[in-house]
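I have placed the structure first, in the form of structure tokens, so that the comments after it can refer back to it.
To keep things simple, chains are lettered A, B and C as they appear, and every chain counts its residues starting from 1.
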Amino acid sequence: MTGRAFEDDDVTLLELLDRALEKGVVLWGDVTVSVADVDLIYVGLKVLVSSVETATRMRQPLTASTLSGPLAGHS
Amino acid sequence: MERDEDRPGAGARNGGGSQGGGEASYVYAVVEVRDVPIPEMLPCAGVIGAPVYAVASQGLAAIVSPVAPEVFSAEALEAKLHELTWVAANAMAHQEVLAWLLTRRYTIAPVRFGTLCSDPDHVRTVLTRHAQHFVQTLGRVEGATEWGLKLSCDGHAVAEWAKSRNVQAGRMTGGVVGMSEGAAYFAHKQLEQRVRKETAHLLGAHARDLHTRLSSVARAAVTHPVPAGGVRRDGPTVLLHAAYLVADASVEAFHAAVCTKPGPGAPPGITCETTGPWPPYNFVNTVLEELG
Amino acid sequence: MTGWYVYAIIDQPHVGPLAGPGVGGGVLASVPYRDIAAVVSPVEDEEIPILPAHVRHHEAIVEALMAVAVVLPVRFGTLVPDQERLRALLADNYRSFTASLARVRGRVELGLRVLWTDGVDPAPPRLDRPRPPSTLSGREYLMARLGEERRTQARCQRAQDLADELHRPLAELVHASTWQVLRTPRLLLSAAYLVDTPGVGRVRDAVGSLAQTHGQLQFLLTGPWPPYHFVTADDPVAVAPEAGGARANVLA
């Protein structure tokens, strides 16, 4: 390394560093755990797209007041 | 018995589909009816305000509502998906029916929202033909509920924390002074990469530990894919998105495990959201179309 | 051997004999999973230092792979401890990788930087707020600061308008783009474009035209590059720069 920050023909190097160091596929860490492919039970001819399934899942979870028995109090 | 199916000519109808005119069965769930007899008509309103019935057969019951097939045809749904209020209202109605069953301690195999059986008789046929399969499936989820978990982190906060703990970072600030600009640039990049890798490993370990702990308390567990691309600097990153099948007796232990305070070595800025109890959507692996 | 250095994800389970050696001197190999693979080489070191020679070496291998396969370049310095872990990563990300490979098939990345020296002091602005010198009254200081703020905001707005003007003719020629406005006060636009390989010439000509009509700007078009900026379908939006008022967008 000379005293100057970069040589003139290192514009390409800078472009490369900007890509190879900051972008590209990241495989570090063990963030993903094993994934299971799950099918839901469904019957008949009509199957819905997943966005509606998401709408179903995003509904407020059952609150304590709708439960009785040992499940009450956990919401 | 089932009011609508008893109407004259009902058995002869060949299913609604896009031909219209017929009545289809909207299906909410299949339940086990061993100890607790199920009423023929449930005291709750179903989707589009339709009444809710139980179609029983050999210790099982399909929970259904009669609906006009056009309302839930693929084309109609395609259009309605854009009307979120319609979807939300009916998704809630669907969930309310399941909630009613859940609170009365029925073992439920929940069915995806918007599922129709074109021929009302087909429902009983499927129940009868595949009774053993259903019993097995229901046996797996008996006496348990599903709980969802989402673990996220604030990438920026974690990166700052990792940097502050990184030994080289401390050395860097002192050492840079003597370096040329170029060398300092590369040293800085090296440190950045180390910190990022370290951060990713720490977060991954934390997520894995939590999942292992919760899986040991649960009867079953599944994880959903999280977006690839590593920890984002500009927003929350989902580390773990999972569902756990927890036996009723273990629910308290499950919550205790979720709420365990992170140890002194854990990074800051990690949030954990749990939702539940849900009917066991993620633990009934059956595709009935394959069963025929 | 302490690990596997990963260069890229490719759209084939195997690739023909690869000209090595890899970074760290090991032999290049592919680790397949279904119909994709990771291209790797064994390394002894715990960490590969970030040095120009190593980064160029990494890039040379990625570019060589692009001649024989569809490639998602992996970030420099990626080490995976063992093949089981690598296969698990391929499995977990299979759908995402497959979608991204489809997106970049037959395409390359072009980079564009546009410098704007109009209305900016030759010396870059200090990032810390200047302390009021004792000769200025408090009010005079605030008025000066306010004037500075207004000029900065006006400049940001002009920058945004200019960037939109530059982007419009290019957007029609590219499949996807990601860009930042005013990442630094003089860097009006820094962008990456995903372009059909045969369309590279058209983009170059279009940038040439823009350079003609915008004499006060300096254009730097580089490439073709491996698609570093387009490896995930849900690319994160770029971080907002320090100099205020900027926007980054991804079009697909």
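Note that in this section a contact is a pair of C-beta atoms (placed from the backbone, for glycine too) under 8 Å apart; a residue touches a chain by one contact, two chains touch by 3 or more.
Because the structure is predicted, anything quoted here is derived from the model rather than measured.
Enquirer: Find the most central chain, measuring centrality by the gap between its CA centroid and the centroid of all protein CA atoms shown.
Expert: Minimum centroid-to-centroid distance belongs to A.
Enquirer: Between A-C and A-B, flag the pair that has more C-beta pairs in contact.
Expert: Between A-C and A-B, the larger count of C-beta pairs in contact belongs to A-B.
Enquirer: Please work out the Cα centroid separation of chain B and chain C, and write it as a whole number of Å.
Expert: 36
Enquirer: Per the centroid of Cα atoms for each chain, what is the distance between chain A and chain C, given in Å?
Expert: Inter-chain centre distance comes to 21 Å.
Enquirer: Give, as an integer number of Å, the spacing between the C-alpha centres of chain B and chain A.
Expert: Here chain A and chain B have centroids separated by 15 Å.
Enquirer: Among the residues of chain C, which ones contact at least 2 other chains?
Expert: 50, 76-77, 92-93, 97, 231-232
Enquirer: Specify, in ascending order, the residues of chain A that touch 2 or more different other chains.
Expert: 17, 21, 25-26, 28, 30, 32, 34-35
Enquirer: Would you please write down the residue numbers of chain B that are in contact with two or more other chains?
Expert: 189, 193, 197, 225, 228-229
Enquirer: In the complex formed with chain C, which residues of chain A make contact?
Expert: Interface residues on the chain A side: 10-13, 15-17, 19-28, 30, 32, 34-35.
Enquirer: Write out the stretch or stretches of chain C touching chain A in their complex.
Expert: The contact residues of chain C facing chain A are 6, 8-9, 50, 52, 55-56, 58-59, 72-78, 80, 85-86, 88-89, 91-93, 97, 109, 111, 220, 222, 225-226, 228-229, 231-232.
Enquirer: Would you pull the chain B residues touching chain A in the complex into a rising list?
Expert: 15, 17, 24-25, 27, 30, 62, 69, 72-74, 77, 81, 84, 87-88, 91-92, 94-95, 99, 102-103, 105, 109-118, 122-123, 126, 137, 145, 148, 180-183, 185, 189, 192-193, 196-197, 199-201, 203-205, 207-208, 211, 222-226, 228-231, 239-240, 242, 248-249, 251-252, 255, 275-278, 281-289
Enquirer: Taking the complex as given, what residues does chain C use to touch chain B?
Expert: 47, 49-51, 76-77, 92-93, 95-97, 231-232, 234-240
Enquirer: For the complex, which residues does chain A have touching chain B?
Expert: 1-6, 17, 21, 25-26, 28-36, 38-49, 51-53, 55-57, 59, 61-62, 66-71, 74
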